[in-house]
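Each of the next two complexes has chain A plus one more chain, namely chain B in the first and chain C in the second.
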Partner chain A sequence: MTILVIQILNSFFYAAVLFLIAAGLSLIYGVMRIVNLAHGSLYALGAYVSAWIVGSAVGHALEGNLGLAGTLLLLPLGAVAVAAVGAVIEPTLLRPLYRRSEEYHLLVTFGLLMILEDVMKLLFGRTPLSAGQIMDQMGSIPVGRLMYPTYNLFVVTVGIAAAIGLWAFIYRTKFGVILRATSQDRRMAAALGINVSRVYVQAFAIGCFMAGLGGAVVVPAQAAVLGLGIEVLILAFVVVVIGGLGSLQGALVGALIVSFVRTAGIQFFPEIELAVLYLIAAAVLLVRPTGMFGRA
Partner chain B sequence: MEHRNVDRRSFLNQLGVVVGSAAAATAIPAVKPASAQTPAAPKGRIPDTPLKFGHMTFLTGPGAVLGEPSLKGHILAAEEINAQGGILGKRKIETITADEAAGTDANVKELRRMKLSEKIDLFTGVISSGNTPALGPVAEELGALTIFVDGCTDFLWDKAVPNPKFAFRITNIQSADGVTCALAAAQAWPEAKRVAHIHPDYSYGRNAFDHFNIAFGKLVPGIQVVSEGWPKLGTTDFTAHITKAMSSNPDLIVSSVWGGDYVAMYKQALRYGMFNSAKFASTIAFGVAPHAIGKDHPEGVIAGVHANYYFTFPPGNRWPANKRFVEKYYKRWNEYPNFQSDGAYHTLYMYKTAVEKANKLTGGWPEEEAVISQLEGMYFETAAGDLYIRPDNHQGYKDAVTGFSKNVPEYPFPILDPNRMVTIPIRNITAPPHWPKPGNGHNDPTATYNWIKETWPQVA
Partner chain C sequence: MERTAATATSIWRITIGAAIALVILAVLPQLVDPYQTVLLTYGLIMAIAALGFNLLLGYTGLLSFGHSAYFGAGAYLVAFIMRDFGAHSMELCIVGGMLGTLIIAATFGFVCVRHTRIFFGILTLALSQVLWSLAFKFFWVTGGTDGIRVPYANLTLLGGLVDFKGSGSFQRFIYAYYYYVLALFAVSTIIMWVIAHSPFGKALQAIRDNETRARFVGISVRRYRWIAFMISGTLTGLAGILWVPLNGLTTPDILYWPFSGEIVFMTVLGGFRSFTGPIVGAIAFNYLKTYAIASTEYWQLLLGVVLVILVMALPAGIVGTTARLAAKLRRRTK
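After this line comes the complex of A and B, so read on.
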């Protein structure tokens, strides 16, 4: 029973992280029709920046003055930094390519992935960075005879808050209406006087912010290591394949499915942990080629 | 199988397992090892064209945390040799590097390119056990003199290149990792019967799993594998693996997760209380660059170092070669070396020594054949202790070492407890030459696995 509870909590934790990444990936695709292969690296960049800020001398000094809450508030700086990077990438690298076919998008974003991986190596070195003091301060709560880190519950909360916030933003604000309008018909939106270029920059930056936030919240629980973004990118693609590329609900449901299936795989079928996920993705593709919530 | 009545302690003694500060890697040999002798002036005319070496290692991705020390060790040795005028005082070393992260197929093409277009004189480096079995046969086919630093799978010599001519490997054979870890665990925690495993899902993890189980089972009767976790290489989320392992009520958790993955794993395991609920033994925890491990790492766990080198051992007062190496490495790179640094560094000195010896015999710049015959059977002083290149399989053997993690005031990271170092003579835990290889009368994972299964007594 204890195991069940903890494995369910583990699944929610990982689902929260996957959702943050997949939601950004989906948002960017939904608005700009760009499959952003560099998304995993943006996630890793968020992790590195946050770990660097929290783990650095500045972070330690502030930690003394601000306490735990203050340190937690430092974490999103990684996401802000990634959003800023996104706001530079979109107009310079992606905008010239919207009229071209998808192969160009894949080539450029894949190139960007390689460049970002190298930049992180140059900036932060090859040694893993950690922001573990946050987890240590928050401690663990006993569950039966086992323990569960309190911080992981915080990450789950962030995931839920991000899901609600993003939904409200897209479906309940004026900017959300503009975003959806641009996504449905770019030329019509432009004809109605919407500054499409600006919407694109903003949408891309928000997508990047989500990825960066994913990295920022995961880093105290793990560590920022090279290649962090690669495995997650693959899983995020499995999420959006299952949920449907471009759909927010799809990202949420897909993240939950992937995370729970992965945990069940580890617990019950360790030999085929990864294969199970791809089998589910293949099954969804066979039945609904656009994913569970995707549009054709 | 033999059924002698043997108790654990006497069998561990028989194997030569030594624990404590008194443990030295090897007795100091009566004959001075080759590198300690001052080279005489080279015989004959030596060309002054530079030597071209190809060093392939992980320059990007998760493996770079091991690739960087490898390249640093290589560069340090090349700089030292070049500062003395080069090999035989004439031929300086020029290195071209390649990123092993390009993938096995690309790595094979790169080796071909290096040999055929760049005309390299020596190919070295390589970390992944997935790559050496692909590169080894190509090196043989091209006639490219190769000294692998790592990629230490038994499979390379058991199957891929059973009769090597041009390919050598300097670090210890992989099966020694699992066996060393098992012997240390059996010695420290003989009451541990319920074993949970967490290993990366590729050849290294499988190899560690197999060899730990066969050796530990011989020494601790009635062991039971109660949980298995096979995280993908490059995973950083281990929460479900940790929970699963803990939920199986193990006495001992064994892992071969390495590099950045291990750093992420131990940090998660701390918060789940994993280290309080069971003993922990790793084949390679401290194999990563020493400073990558934080002071928060648990103490008293078996923190293996994979290819049997840890920079504090053998201590400088007992083994000056290590003191010299660590000091030079620290001075050049402002950090401490790991097993990759040791391997890559001594690869060049081993080559240099072989060339010098061959020059003494033949004069001039020696033919490759002559260099190879010097490398075969070479007994060589390294920072880790003496290294022996077995002529039959071209594999370097040095005594196995592991230990227990401990925080000390002298270093900003935990080290292996100097008072509890565990050493084992390598010949006692490796199949002897000409023991049947897999596919010849048995289908066990490695020759060593079969040898342990067939010849070690079952401790009662």
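After this line comes the complex of A and C, so read on.
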């Protein structure tokens, strides 16, 4: 029974991280119809920057000066950095390509992936970076006979908060209305006086922020290593394909499905755990290409 | 765009051009050192893969981000045939490997051609990753990340006529294998050229340019795409088959999706709108990558920048851009 509870908690932890990544990917696709192959690398960048900031802050701060709250507040800086990178990438690399076919979008973001992977190697070296001290400081809480890290529950909370925040942002604010209008009909939105270029930069930056936040919250639990983003991108794809490209609810439901299948897979069929996920994605694409919540 | 070779003179011109290129490729190993010969062999092998890939991208208008599956399947099948069946004959490996790849491409293709555009890309990607995860996880069959060794010394070419036992065998292998690959490359190129210029190839291009019109003309779009998918996958599989004895080892890396990205990269580098583009692109990419790796630790960064510049400034690739420059020059001299 305890094991079951822990596995469910693990699934929620994993779903929270996957949701953050997939929501960004989905938002970017929904607004500008770009499948961003570099999205996983942006997630990895967020993890690296956060771990680096926390690591150097803890190193420089006097003993006891930087409490747990202080280090926790430093974590989102990685996400902010990734958003800033996104705000530079969109106008320089993506904007010239909107009129061209999808092949070029995939290629340019693949080039970006190669660049980002090596930039991370250049900046942070080959040794894995982690912010494990946060996890240690938060301790653990008893679950049945076992102990469970409190930090994982914190991440689940962040995931829920992000889901609610993003939903409120898109469906309850004026900017959200503008964003949805631009996503539905770019030319009409432009004709009504919306600065589409600015909306695109903002949407891309928000998508990058989500990816960066995913990296930032995962790095105290799991070290940032080279190739982290390449691995996670495909899982994020599986999430958005199941849920529907461009749909926020889809990202949430997809993240839950993928994490529960994956947790069950690791427990019961570890050899084909990943294969099953990819096959589910393929099956969903076949039966319902727009996913569970997507629109054509 | 490939200009259609309607007149007899242009067919002659193409034949002469191809013959000159073939003669140069045949003489080259006598002039350069063995290392360059090995590099060129890799280049020719990747050219076969890119040629196969481009039947889908350039001629049918479908961007596959999962061609690593067929390249990797070919390589792993050779490894299995040699390890588990104790076969030595390369021809046996080629036949077995291509049959196996054909079955995989037929299965995956049957599923994938139900969609186009971005969904096709993601579907091919997802299915290729199924193979990758299987190779990665079933380590007692595939060796996991260590992969499977495929020693060239166990290999015989031309039904046992050429073997590589005894001293100096590596040198002999390099040269023999170069000509072996060159011959298969030439055959593949001719077959692909015939396919691309056949009524079937024209039908694929019609589908690419306007699917609805193609359907009205009476082309069964899905079946044509499926056949193109099978040819494309099998030819890329042949490249994987030829690649593995030269590399001596097959690992899950060649099934992983960034390798699919590399195949797309080299095709676009050469120019996917022309027949020769993928060939030029694959050979150029191979040199580019080798020298980038040799000269800097951050070779991926270098290649990424090249790719971004290519997409932004030269979307027609090497062949397309050269053709345009040549046309401009000709107009000026007239």
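To be clear about the criterion, the second predicted complex is superposed on the first by the 289 of 296 C-alpha atoms of A that agree within 3 Å, B and C clash if a C-alpha of one lies under 4 Å from a C-alpha of the other, contacts with A are read in each partner's own complex, and residues count from 1 in each chain.
The definition used in the following text is that a residue touches a chain if its C-beta (ideal position, glycine included) is under 8 Å from a C-beta of that chain, and two chains touch if they have at least 3 such contacts.
Computed from a predicted model, the values in this text were never measured in an experiment.
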| item | value |
| --- | --- |
| Superposition on chain A - do chain B and chain C clash or fit | clash |
| Which superposed partner A:Thr263 touches (first chain B, second chain C, both, neither) | first |
| Partner chain in contact with A:Asp118 - chain B first, chain C second, else both or neither | both |
| Which of chain B and chain C A:Leu228 touches, first, second, both or neither | first |
| Contacts of A:Leu274 with chain B and chain C, given as first, second, both or neither | both |
| Against chain C, colliding segment of chain B, chosen among 115-123, 187-195 or 385-393 | 115-123 |
| Chain A positions touched by chain B in one structure and by chain C in the second | 117-118, 121, 230, 270-271, 273-274 |
| Footprint of chain A on chain B - complex, ascending | 60-65, 67-68, 201, 228-232, 234-237, 239-241, 243-244, 246-247, 259-261, 263-264, 267-268, 271-273, 277, 289, 291-292, 294, 296 |
| Residues of chain C touching chain A in the complex | 57, 63, 65, 111, 114-115, 117-119, 121-123, 125-127, 129-130, 133-134, 136-138, 256-258, 261, 264-265, 268, 297-301, 303-308, 310-312, 315 |
| In the complex with chain B, residue positions of chain A that touch it | 2-3, 6-7, 10-11, 13-14, 17, 117-118, 121, 126-128, 130, 132, 135-136, 140, 146-149, 151-152, 218, 221-223, 225-228, 230-231, 262-263, 266-267, 270-271, 273-274 |
| Parts of chain A lying in touch with chain C, wherever the complex brings them together | 35, 37, 93, 96-97, 100, 102-104, 106-108, 110-119, 121-122, 230, 234, 237-238, 241, 245, 270-275, 278-279, 281-282, 285-286, 289 |
